[in-house]
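In what follows, chain A forms one complex with chain B and a second complex with chain C.
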Partner chain A sequence: MKVPPHVGNFSASDTIFAPATPEGVSAVAVMRLSGPAAFDITEKIFKPKGSRPLKSGTFPKVIYGEIRDGEEVLDEALVLAFRGPRSYTGEDVVEFQCHGSPYVMRRLGQILLEKGARTAEPGEFTRRAFFHGRLSLDQAEAVMDLIAAETQAQQRMAMYQMRGGYAAQLRSLRQELVDLMALVELELDFSEEDVEFASRSKLERLLEDLMALAEKLRRSFASGQALRQGVPVAIVGAPNAGKSTLLNALLQDDRALVSDVAGTTRDTVTDHLYIGGVKFQLVDTAGLRDTSDHIEAMGIERSFKALEQARIILWVFAPDALLSADLSEKIRKTAAVTQATVLRVWNKSDVTPPPDSNHFLAVSARLGKGVDGVREALIQAVGVATSALAETLANQRHYEALGLALEAAARAQNALKENWSGELLAFELREVARHVGAITGEVVTDEVLGAIFSRFCIGK
Partner chain B sequence: MKTDFDIIIIGAGHAGTEAAAAAARMGSKVLLITMDMTKIGQMSCNPAMGGIGKGQLIREIDALGGLSGIVSDLSAIQFKILNRSKGPAMWSPRTQNDRWLFAETWRKKLEEISNVSFWQDTVTRLILEKNKVRGVETNMGIKFYSSAVIITSGTFLNGIIHVGQNQTTGGRIGEKSSTGISEQLETVGIKKGRMKTGTPPRIDGRTIDFSSLEKQPGDEKPEKFSFWPETKPVENQLDCYLTYTNPKVHTILQEGFEQSPMFTGKIKGMGPRYCPSIEDKIVRFSEKKEHQLFLEPEGRNTVEYYLNGFSSSLPLEVQLKALKHIPGLENAKIFRPGYAIEYDFFFPTQLYPTLESKYIDNLFFAGQVNGTTGYEEAAAQGLMAGINAHLKIHEKEGLVLKRHEAYIGVLIDDLVYKGTEEPYRMFTSRAEFRITLRHNNADARLSPIGYQIGLLEKNKYQFFLKKKEKIERVIGFVSETSIDPEAINPFLEKVGTTPINQKLKIKTLLSRPQISIVDLINFLPEIYTKIQRITENDNSVLEAAEVEIKYAGYLDREKMLAEKIQKLENLKLPPTLNYHALQALSTEARQKLSALKPTTLGEASRISGVSPSDISILMVHLGR
Partner chain C sequence: MKVPPHVGNFSASDTIFAPATPEGVSAVAVMRLSGPAAFDITEKIFKPKGSRPLKSGTFPKVIYGEIRDGEEVLDEALVLAFRGPRSYTGEDVVEFQCHGSPYVMRRLGQILLEKGARTAEPGEFTRRAFFHGRLSLDQAEAVMDLIAAETQAQQRMAMYQMRGGYAAQLRSLRQELVDLMALVELELDFSEEDVEFASRSKLERLLEDLMALAEKLRRSFASGQALRQGVPVAIVGAPNAGKSTLLNALLQDDRALVSDVAGTTRDTVTDHLYIGGVKFQLVDTAGLRDTSDHIEAMGIERSFKALEQARIILWVFAPDALLSADLSEKIRKTAAVTQATVLRVWNKSDVTPPPDSNHFLAVSARLGKGVDGVREALIQAVGVATSALAETLANQRHYEALGLALEAAARAQNALKENWSGELLAFELREVARHVGAITGEVVTDEVLGAIFSRFCIGK
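Entry: the complex of A and B
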């Protein structure tokens, strides 16, 4: 059995601390302290400027004062004090808002250690919050997502889940299922007696509803995944069409090496771009052409790989760099299979305007002209208004559990259709309820918790 | 007179007899104390053993080396596999029994065990030494000493019998109740509750008009409970009969409600929801115009019939008046009325999963006194208490069956962790691993255990090993043997499944739901001969092999689930854990966990009132 070293001293008896802001120089840095001794320790090291007492009065409160390092003043700071259970962790919590000097934070940590607090384990603050009933399991999971959120869209998704989100929908469908399951069980155990039977049509409808929701959520997973890791965008086209120039123009940076020599980009170049709260993962690819150069051929192979993974294809045309019919067909085919959105960009439009302006986004990457149009098109191509993104499934564990639930539900449907013996139907229904329950927190297994808490980072 | 024994058993009903037989056959010197030597192995209620969920229990008892299956076979007057139309997990054997022959057979079986001594008396007090039981004291003032005591007092502790407004103390109608033990146990802190159960009137068969009733015969080819060759399937089966109540009957019964102890508040004990009295049924299912009633013969040499489904504590005259309006019973006379009985039970959460008391060492409880209902549930507990009392006094580790091993495991696990608010009855839906826990593989699940603990005799174990080998050989044979399309296609077409166009293994064909192994081999004389050579014409071998093949997918999935759940069982909860300090737990969870002290997270998860979120909190606390 895997037991972490802090077994036995986890319980609320310890007071823990960790910086709540990232390391490095900043205007303000926050140190968070939580546990039964949080106020006592604070009294030992913090001298208020005014006469406001730390331990009594109304909470939460803000006190201005000095952090003492022995005889000396370490820093002037604001202290935010929360009285448990009305705090994030459910315990007494003190937050020190210091000046953002790495030395001050380091030294403050040492002082807190000397006074009897200990460094928090990864995820321990949230673990305590969960432990004290301040957060449910799925909410704790969402907190973690929220902390990791880099964009507005991700933040909305995490907030939605934190407030209950799709778990509530799943929970109510599951409850209906459990009620019907009881009737199926009753039929089995009282087949000799005259009992009411579970309505098969009701059961069928419920399974359909559940499967529809599960499928919708699973479909949204791809977009959720894309929101976290960035929507993959492949920039493809013939050599010297100006793909790298377009990448740099989008990034407003000289990320990719550019030159007039066709085939300068021999490998894929990846970077992230944030537009309107959405993260894109831009992949600049080697230009596509039939080549005898071995290295270039390898690069082109990778271009096709990037093409296959892309959800948006920026297909760059230029009057002097057009693709062979074969290669064009290949791009179209790939896009048809992966259902990626294809945006046709006509580069070097300052030299030659596009033959059909409805069909192409006219751009001069070199001059930075029309690049905003590309940005807009990218956002539109993501295809979902950010408000709708909230209901997106972004959690790998939930995605897998829904997959298992769907499989079991499909077997249950089959059992109904082919009129299998009741205990086999019951078996599948139990599976559905179990897998959905793993998302809604009604079924807890070791792996569920392991999966959740192993993903926490220090400070939360 | 000998007053020193290894184990004393109080009560000789279904639990007491199994407990005595098991402990004695394992080698303990046993004293069985009963208030009435003529009532050993008495069927107090319906003259039947088994049924859905319950038949599985009897098969398990038999597989472990208990005697209920054998006694049921030897006294059977009808045998039936219920739920035949469903899958093998739902098949449930049941016998109708000759009530007198059943009791006689039990007594004979016990008398054949030299380690069993008998004494007719009433135990009034336990002899305790600190927290350990040392023996019992009886009404006659005799002190018997022993290393362990098993209480299987059924409905006798402070039993009160109700017929209408009439109340008498008693353990069964016409029999005395027992006082003293309950009161003594309460003084050491053991908590008791009250439960209620009932029984229907017994009808004079000479006054029943069977001509208008639907006959309920036994199976055409009856099987039997016991896996062992010492019993044979029943011959010359007797029939049961089906009749119904009607609105007129309901009206008459309702008129008597004001005199019913159920509705006047005289009965305070909690009755079984699942085996309700007729007055309960009328109230709770008021929309139903009729209820099924079964007339079951009480034996071969009697005209007495049991009116299953008409359990009642209404006044005698109301019962009589209502019966007159039931088809077939228009002129019926009765031998004795239905009645309700209230009795003490001890909350089973005060027991370890070995059925030993957490309060008094070496004191075991089994049967209705633990809050269960039913002969089969009682017998299963009696067997386990007998086994565990013997193991305990020989300083051996107790036998606790797991939920994926046996219905017996589900039963005891439910009782000691979940507890029960109403008389607990077994259902197949209580089992998470229903497809694994079949009546026909009870021997494969449990006989090795029965042999290993020294209960199942060697010759029976060898008999089991031989059957097991035959099953494996049949599975091996059908896995290796292919059949030609020409040979089998006419059969496939006949049973309505697609013909094959190349050679196929028999096993692959068997996975089709339309194909049964018996039909298939009957069609192929050569294969038939070869397989029958393996099975030596034992059809149970064929059946077992077929189920293993057809349900392999489900069985594998249940196995995976069992392993997953087992992980929670491996997470130990430290005995020193102070649940009251864990404020995050719900109040109920804190109380229950402190009181029940589960040893693993798996056990904790099965305690009623402990929610999944409480379990997550414990997991987090354990540092998971």
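Entry: the complex of A and C
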């Protein structure tokens, strides 16, 4: 990958450092140093114990030795030396693996400052990696997602994206588009001769392929976002259906207040549940009924809000706690609008079995019976998304860029159909290429880069 | 160093692992694996990206590649490979430098378990290093002290000890003793012939040298402990002398409640102050006076307790707040007993200068004047200790072992003087050697080892 010309005012002439491990008393702490003076600075403060030279020989290498603080030994440490461009940042990189002492790390930072390095900004190492073409922008974003991963689903999505993911497909389609666009632009020089270098049918097919991919990715966004942030699940039903008991049974915990009194849950209670590597955000809601109690009515209003935001609705029925036709209709309508999956749970089945076992998951939340079935149903409800994670879009920025690319592509299609001037067609094609290129960072503004990398942690 | 025979029931046949960095979202996280199967396990789960082989070639080495979770890629990581005995533990060691994702580390731990490694106990890596003769016991303890270091003084003491420190002297004297002891024991075989293989004068001199060193080290213990834990400083004086104002001025903070009302401070207020790499524990105390107020009297009792525990006494005078002769005498007597350094501070010197500027540090705590002078005086008061840190004893266990060694050495001296039987002399010499050997770990019980290493952090 070549250096994007738009990031030319980024300076990599400084040598930067930052701790790469969390602060704390621990076995090991790593300080990372990157830039043109990384090796020179290391030579000033590090005395190898063996005969392995720092600057010559095979890279990467490990050297054991002493970090010197003037005449004194600050620590005995390992040095990992990487010669650019074969390093994380693409520059010369030295990593000091010290004893995990906060004091040693603090002092080492001071010494590096004294020797002319400066502290790195958040994400600056990865920004340099991008600048030197070691990573594309979507890969850099995936690094951040991987670090923040809490579940297998999140780790998988991040790893696919880090290793190319859908960006590879987008990049190749974009390249074809750029090639054809060049021919369209060439035609402009011959505008009086009515030549056609770029095959219009090829261009049409290409735009169709690109739009199909963009639409598919945008459709997967909701699941991708849900997997990244936790799939929102609303537990709804009539008062006293046993929603809170079910929540507790799922969590195997006494998270929500439970009693025999209908309407015990007034505020919504939220907790996380991990099943099969997927994170769920369970929201227990106030029981739905027509009520004149002002506070209860406010709780019910919140229940409907949770319902609207849910990707999965756990609708809890119980023989002695069924909803009015009106409220049932309201749940069905909401699910139809939001396209949420509805799982019907028949609670208290130890007392009265469900009227139709195909239609209901039979559960006794109190006895913990059937709860595993609910867990399985939950994971199946997101199954489609997890099976094709490579093509799942979870990044808001990519989602927006694809939206703009789709609009421009539709205008380009129209230009082709209506046989508009080459100038107008070329303009729209450039717009498509620009928005697709923003995802991988082939076309990107400093402002966007700043926004992305400032969310990184220090040392990455 | 040879393997101490006393730790023979320690088993190093398992391969162990643990995270070596604190948990948290960060740039880098390190998982450490050590033991006979470290390389085999790594080959099962790690696929190098280049052609660098894991098991052959020069060590230590760095390899970039993929950590595999079955068919899937868990992470792209660096592997540091050390071939025993040239590693931290003396065994084959592999360090996985992963992305700093708690999920990745958790999953990597599960994979290592599946492949036959087990989680390491606290300090088990260092315990193995000791077992394989890579570290002596006092050095292992220094590793722990270094990791916990908060100040330059603590780091220096730990580093000196890690690099030999006083243990080297003790070890060499002990070796001489052991050699002479062998000759004394040889004499026992010829007990009827009245031979003397071991020079008695040599033995006497050796015992004297050993005792002199042990006594010097034991004398330095109080400073060593103070430097390790923070030098206790008591701020004392009459009510309204401005003790709390001085504390706040030293801390550059509003830590203690200050008012014009004499007796505002009732409980003792403690805070830490770092000057020139030394940690001080400042204790602000209730003003001293004869009082009938029950609560104030209790506060004054605590003031005297703080006074007794102080290594430095900051005695605050003010023209309008002087102590009675009785109370002044009490402070002087306490200082004489505890050998604490007394620094006399004349506060409110902007109003009334001190009667004798050689005797008092002139300060206006309220205006912040002269406070730097107090800081300098504090650091000078511990100066003797910091200049000879190598010979400063800060370890309670070593202090006790030297005490026992001294007692046995005195008995051995007596045996020599009184010309006791060879058996009795040899017995006492063995006692001396045993207690000195406990410091470096040449003679040590499993119980002691367990107690030491259980205080380590996981992964070290």
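Methods note: the second predicted complex is superposed on the first by the 317 of 460 C-alpha atoms of A that agree within 3 Å, B and C clash if a C-alpha of one lies under 4 Å from a C-alpha of the other, contacts with A are read in each partner's own complex, and residues count from 1 in each chain.
In this section, a contact is a pair of C-beta atoms (placed from the backbone, for glycine too) under 8 Å apart; a residue touches a chain by one contact, two chains touch by 3 or more.
Treat the numbers as computed from the prediction; the structure is a model and nothing was measured.
Asks: In the overlay, answer first, second, both or neither for which of chain B and chain C A:E442 touches.
Replies: first
Asks: Looking at the overlay, does A:G133 come into contact with chain B only (first), chain C only (second), both, or neither?
Replies: In the superposed model, A:G133 contacts chain B only, not chain C.
Asks: In the superposed arrangement, does A:V30 touch chain B (first), chain C (second), both or neither?
Replies: So A:V30 only meets chain C here.
Asks: For A:D189, is the partner it touches chain B (first), chain C (second), both, or none of the two (neither)?
Replies: first
Asks: Considering only the touch criterion stated at the top, classify A:Y166 as touching first (chain B), second (chain C), both, or neither.
Replies: neither
Asks: Now for A:H99: first (chain B), second (chain C), both, or neither, which partner does it touch?
Replies: After superposing on A, A:H99 lies in contact with chain C but is clear of chain B.
Asks: Considering only touches as defined above, state whether A:F280 meets chain B (first), chain C (second), both or neither.
Replies: Neither: A:F280 stays clear of chain B and chain C.
Asks: Given the complex with chain A, which residues does chain B contribute to the contact?
Replies: 51-53, 82-83, 85-87, 89-90, 288, 291-292, 427-429, 432, 434-435, 554, 557, 564, 567-568, 570-571, 581-584, 605, 612-613, 615-617, 619-624
Asks: Which of the residues in chain C come into contact with chain A in the complex?
Replies: 18, 20-30, 32, 60-62, 64, 72-76, 78, 80, 97, 99-104, 107, 125, 143, 146-152, 154-156, 159, 162-163, 457-460
Asks: Which part of chain A faces chain B closely enough to touch in the complex?
Replies: My answer: residues 1, 3-4, 6-7, 10-12, 90, 127, 130-133, 136-137, 185-186, 188-194, 420-424, 426-427, 430-431, 437, 441-447, 449-450, 453.
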